[in-house]
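All chains are identified by letter, namely A, B and C, in their written order; residue positions are counted from 1 within each chain.
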């Protein structure tokens, strides 16, 4: 009940597939190191004191809470998905924004920067720094594609 | 694994925003006291013995299971979102319905009353009483808007 | 945090309703033995060592993680929803696919067999065996309908 995440890591993946967009998404999950988890999406707050750690392999089949961004698309499309995250400069934790679009990494970064700015304004705080992890894919002819990025909470 | 909620509270919020409906939603979350949590939506059962407590501040960033109703809209629209909940009169816990619509608080209440009635009929039970928590918003010109209501499970 | 499921069971249900598709869905949940739980959907991995057990009644109101397939429909439509699951033949756990469609049980089974095949190819593994649990419903005139199937994780 009400578990409090102690650490997190950020990961991302992308893939094209001739078979289906589901297949592309599954391959992107594999690339991101998340294909062997039971993912459960949550909203977007970093507890005070949480530590950013390097991506790691989690035990297979664990229920894994994460903020997940995903975008799927068809041939010729440019797609992107990303995670932005930053800690408050007053030390009281931080916030996460997810973004996804039919568009480039740069366009998505702008949208996410703006989202993070709104979250800060709303709470009257400033971010110490904002980090981004964004995947972009130009999907080849005769392929489906998927991009994803995730901030994964661990104990 | 399979955590059993021991207490719950009910909260709600609404907001208008010139910026975006996401911004309005975030502000409504702030008003409802839920902006600093990692929310995870679940369906809608009150365990036997669960206690209704007053809204409280939860530790920042906790994974928080809740039944969440939300409605977003644009200028000139009337929107509403609400939670209905009631305990069985035989003492075996209770049920929660969420509702949201482009419409008034009164219309939504009718819909939710009907939903709760269906849940009771289906199980052959009666409610001791049904409580409602509904937010309504008439969105001003040149604004976006969001209403939300939540029944929040705590340990 | 990161709970690891130890056992699972598979269940399914279907129902028609003159009232609404929500009512049909609720009745299908009741038939499946899941109407008294707080369901939380997760993706689709069987941990190594997890045991398949018989469907059982869970304590009312527990937060219950599951892979859930659902399909709702209107009069005259044929709908189906199902779960496919299989263990890797190398002993390292297994995978779950959910499927739902406006279509027959046989059509859905084909789609899900194909999905499971893709999951195996992607990881370079083989399934020892694939099991299916699929509900199909031909919705009567003047009725709504719902089918669901779920793989439910328990401690």
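Everything below uses one rule, namely that contacts are C-beta pairs under 8 Å (C-beta built on N, C-alpha and C of every residue); 3 or more make two chains touch, one makes a residue touch a chain.
For clarity, every value in this text was computed on a predicted model and none was experimentally measured.
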Type of chain B:chain C copy interface by residue overlap (half), same or different: different
Rigid-body rotation angle, chain B and chain A, from Cα fit (steps of 5°): 120
Rounded Å distance between chain B and chain C, as computed from the means of their C-alpha atoms: 27
Multi-chain contact residues (two or more partners), chain C: 1, 3-5, 40, 63, 65, 153
Touch list for chain A against partner chain C, complex: 1, 3-6, 19-20, 22-23, 26-27, 30, 35-40, 58-65, 153-155
Partner chain A, residues of chain C touching it in the complex: 1-5, 40-48, 50, 63, 65, 92-93, 115, 118-119, 122-123, 153
